[in-house]
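Take a look at the following structure, please.
The chains carry the letters A, B, C and D, assigned in the order they are written, with residues numbered from 1 in each.
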Amino acid sequence: MVSCAIVGATGYAGAELARLLLGHPEVGELALSSSSQAGEEMAAVYPNLAKSKAARLVSQDEAIAASEVVFASMPHGHAESIAAACAAKGALFIDLSADFRFGTDESTFAAWYGSGYARPGLHAASVYGLPELNRARIAKARIVANPGCYPTCASLALFPALRLGLAGDGAIVIDAKSGVTGAGKEPTKATHFPECAESIAPYKLGAHRHAPEIAANLAAMAGRPVASIFAPHLVPMNRGILCTCYLPLAPGVDVGRLRVACAEFYANEGFVRVLPEGLTATTRNVRFSNFCDVSVHESGDRRTAILASAIDNMVKGAAGQAVQNMNIALGLEEGSGLGALPPAF
Amino acid sequence: MVSCAIVGATGYAGAELARLLLGHPEVGELALSSSSQAGEEMAAVYPNLAKSKAARLVSQDEAIAASEVVFASMPHGHAESIAAACAAKGALFIDLSADFRFGTDESTFAAWYGSGYARPGLHAASVYGLPELNRARIAKARIVANPGCYPTCASLALFPALRLGLAGDGAIVIDAKSGVTGAGKEPTKATHFPECAESIAPYKLGAHRHAPEIAANLAAMAGRPVASIFAPHLVPMNRGILCTCYLPLAPGVDVGRLRVACAEFYANEGFVRVLPEGLTATTRNVRFSNFCDVSVHESGDRRTAILASAIDNMVKGAAGQAVQNMNIALGLEEGSGLGALPPAF
Amino acid sequence: MVSCAIVGATGYAGAELARLLLGHPEVGELALSSSSQAGEEMAAVYPNLAKSKAARLVSQDEAIAASEVVFASMPHGHAESIAAACAAKGALFIDLSADFRFGTDESTFAAWYGSGYARPGLHAASVYGLPELNRARIAKARIVANPGCYPTCASLALFPALRLGLAGDGAIVIDAKSGVTGAGKEPTKATHFPECAESIAPYKLGAHRHAPEIAANLAAMAGRPVASIFAPHLVPMNRGILCTCYLPLAPGVDVGRLRVACAEFYANEGFVRVLPEGLTATTRNVRFSNFCDVSVHESGDRRTAILASAIDNMVKGAAGQAVQNMNIALGLEEGSGLGALPPAF
Amino acid sequence: MVSCAIVGATGYAGAELARLLLGHPEVGELALSSSSQAGEEMAAVYPNLAKSKAARLVSQDEAIAASEVVFASMPHGHAESIAAACAAKGALFIDLSADFRFGTDESTFAAWYGSGYARPGLHAASVYGLPELNRARIAKARIVANPGCYPTCASLALFPALRLGLAGDGAIVIDAKSGVTGAGKEPTKATHFPECAESIAPYKLGAHRHAPEIAANLAAMAGRPVASIFAPHLVPMNRGILCTCYLPLAPGVDVGRLRVACAEFYANEGFVRVLPEGLTATTRNVRFSNFCDVSVHESGDRRTAILASAIDNMVKGAAGQAVQNMNIALGLEEGSGLGALPPAF
């Protein structure tokens, strides 16, 4: 049994991670930390966890000290010191913030997040934790950067086309739609029920921090720079991200060939489901699960395919993928603790 | 490993039951039947179940023949013949319809459902499957009538007060609010999104078929007839039932005493959580789980307590309770396959 | 043309009132004030009002100075001084807070709102602005206390029975359900989309400040004290209040007679619609209008009737009723500016 | 006062049109017809219209005979005969179906709707009723084809760029999101609340009938063929369409210049609001109004602008635009009966 800690357990991703780890058959002790609510019962903060084994909240230091695996679900800027503490004691560290997602590309990180690296060596040793892309490296990693929710969803839709050379020239448009849990726990005007119910709104057009992360992923997948345009929208639902991707096809490639290629590409992946012709990816069918559904469609324009991909932003887009990364890094069965099937409704 | 069948697997309760049984560690083969879609893949009907072990839909006879435990999730009127088939082969039968819920009280069943019993002996042998009320009898039963969703939620709120003699004279008002999945799979005007979103509506006031089931439960709990008024409402959400119960208190009983009594009464129940003072039962905290949350409140009128109870109508109100009943009847751990914690959001 | 001011125009009720007054055919100049956003364009704060005649926000003093009619939509505690300023200049004052709702009953106000009256004479001169109850007095008033949203909805359901002596002994249970706009503009945990979507929650049971206002209304209607229990719930929708009222009937009174009595009682009221047998009041049918729908139902218990009443909490429950009160007090047609029919969806 | 008829008054667009015309100051008699419900009271079918002047439903022939202006809100295939009847009696005909939207381009209509024209002369005489594009022709028309909801929203976003030569080469991607009322009144699986709540789903990718209508509009605006890709999505809300348009810019054109050009282009339009930099079009701010909001944004890619446009699909996307067309064709004030401001929430 593995002992785990969640630093920042009372944020939304942290709380979801707690829920998953409490049901993980290989996880023993689970230390939950909160900077602001240490000393309180987790089940008092999250009454959904009453009658579970969720423990009293402790300090970050206590949580790290007790654990072989440390997850951090904090705003950016906190992960380097936690990574250092984990390295010092030999713990596996899986970070859900953006701090390690840009690897050695400090300049991009600094450009979008406002400060550079204090410990560049830690970044050099880290791995970007998209299992479908980096599984072998994750298996050997001690610092894993858990991907952003939008980058996970968009990248998985486009990976086969980019890796297999089926994408043509021209920018890929990624029109992304997210449920409101993606905005986190803090009440704001934009997430106040009367402001976001019964409406759909684009936000941070041309300025969302997941754009450079997506660009890095697409380049890594294609082996070359790939132009992309990313536009996120807020949808009145709790869970889920849908990416509608408009992909220029390489000359001679049609949608049917792309669909088959995607299905073959992901045939052995446990958490990616390429839908047969006639079905369309929707967030409904992946909610509360670690699945990513991908469907491939005609656009009415022979040169462009439309790919739809859907994930649960809190699971494959955050906590579930973190568990998947832990499983890989520890040599456990990759789907351990992630077997819950998505409900139909 | 137990072999199970679900007759009527493509309705909402059937599909939810399939999801739960596919994740149940003691369930082996799972036969799914559908009268109208036999031959199709379950995952084609319910794409959320893609990449699961959900099998091709078969006929009712095939499903029953293959299984030691048979669940039926059909409209009322079909269960007697299934029960007879199960009895003939020695299978445990758990029925999610109303057909067996009234036990030997054929006249009440006939008054509300329009026809009497063809096989009264089966009814005499059946048990009403509310575990908190009838656990010992369920353990020996071969025919279990799984309770209705509203009756489960309302009855669990009121059971301690009625059993312990803390309820006074006067009718108990049960104002119940349900998510839309309770109306089932069939599209109707009332469940058409534009008709039920952004609105709340009472329905079937004074005429809902769960009223006599509630009355029977309250009488069984109190050991005497108990007057009650039941008013259901449709709420624009998918999952959950909230019952707000206005309970006349027995002379000398106050809300504090009732709250303590409820907590003690359910202290050893795995799926009932009596909330501490200051917390209020909401459907949010029980969604996708088998929990029933109960909270006890002042009404501002010394003679009346308000009890709020919340369940997921598809889990504790249907499929989850059916699994719980199977576990009890088979001597398995009562919570086996029901360990998923409710998500916070 | 009448010149109007809204003090507190950027809160939800104030903004709704601005929208209604901008479309009122008898309203000329409309001054909008905000303590925190004076100087900004109203249409910058509320972009829905772009291309309307909504003016730049001014200070409270400027707004009052410019206007013959002053509405205040502020938290409680601010209305006495505004009322005094209006009295000094002879302006009609319509207050949407609780400050004047309790008339000369200072002790009840103090018990629920924490402080007494500084200017008792103003309260003695004020009228509780429920037109169906106090129309004649409103017509002569210079200070009108606009009723609370829940009290409006609950009181209109019960008024005929109480006034006509059709109510029996025993407490009336009022189970009330509100959309989230009722909680106002300020983002909070309870109104954060992920916390209130897909859930229904009771709140402030036995402790909501509208309970004493309801009690005062029921007593005024019946001419005697009337016991009532009030339990509010938060529903995942923006607009609307539904009250489900459980009314003990006087001996010999049945539901059919009560329904007829309600219909006759309100026959000449422009904004109360008593539904025929077979229809049920829902919030859907009154949204964005000043209507209150009332329906009368059997409970399954001969001694108790169920009345359902529905309003739009922001219109008949706040801004619309304020306009109605202005119309009455100024001798305008009572429905002027309130003719918008509710949309079906 | 003008006498009007609505053929197909009980569908969603028809019912919304009834609501608008009942509040129109220049409309006198309003005849409502329904093929299936003739003889019933409109207020029995739509209880939101109780206490309005909505009349009893009559037959199509009666409705047309009584009226100077005839609106039809029927499935495609019915409008030619209604148009002929109107022409015979000299009535203005405004059709909300697709039957007249393709003008003399019978082949496109036939390709997408399955049959050609029976009365080509009527089509030659008809005008496509997008007032911002065809106002002068609408003023003289006797047959107006009211545009589709998606084409209205998408076309208004792109009109300035196309007309002014600011669009570059390459396909325009139009990612469109619609509320569920767009699917009409008939309950279906896709619009069953539990199937569409808490989810977002693309549909009819590459195959939606509004694609050729959009293409025709863009060509008319640009004066040349314009490549476009249209992808609609279903969003869990009742009202509204948001189009997110990815527009290749002509060489040397930047987003700032495009924004200014859009604002100037629409400066005199009463129902198009080009938002200032920093604001984003959302469906919230146009609900229940005839406004179209447009905002212009950087994409992060210098060659592409993102335009967001929002309408209420039932108003500017259907019934409101029909009223606007009537006003123009009759020489009334263009905004008559359309003055209701959108609510903030």
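What we mean here is this: contacts are C-beta pairs under 8 Å (C-beta built on N, C-alpha and C of every residue); 3 or more make two chains touch, one makes a residue touch a chain.
In this text the structure is predicted, and so the values were computed from the model without any measurement.
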Pair sharing more residue contacts (C-beta pairs) when B-C is set against A-B: B-C
Most widely separated chain from chain C, with each centre as the mean of CA atoms: A
Rotation in the CA alignment of chain B with chain D, degrees, nearest 5: 180
Euclidean distance of C-alpha centroids - chain A vs chain C, Å: 46
Chain B and chain C, separation of their C-alpha mean positions in angstrom: 39
Gap in Å, rounded to a whole number, between the CA centres of chain B and chain A: 36
Touching two or more other chains - residues of chain B: 12, 181, 194, 197-198, 236-239, 284, 345
For the chain C and chain D complex, residues of the former touching the latter: 12, 15-16, 19, 22-23, 46-52, 181, 197-198, 238-239, 270, 273, 275, 279, 284-286, 288-289, 291, 293, 314, 339-345
For the chain C and chain A complex, residues of the former touching the latter: 12, 180-181, 185, 187-189, 191-194, 196-198, 236-238
Interface residues, chain A side, partner chain D - complex: 170-171, 173, 175, 177, 179, 194-195, 197-203, 205-207, 211, 227-231, 233, 235-240, 242, 244, 246, 280-284, 287, 297-301, 303-304, 306, 308, 345
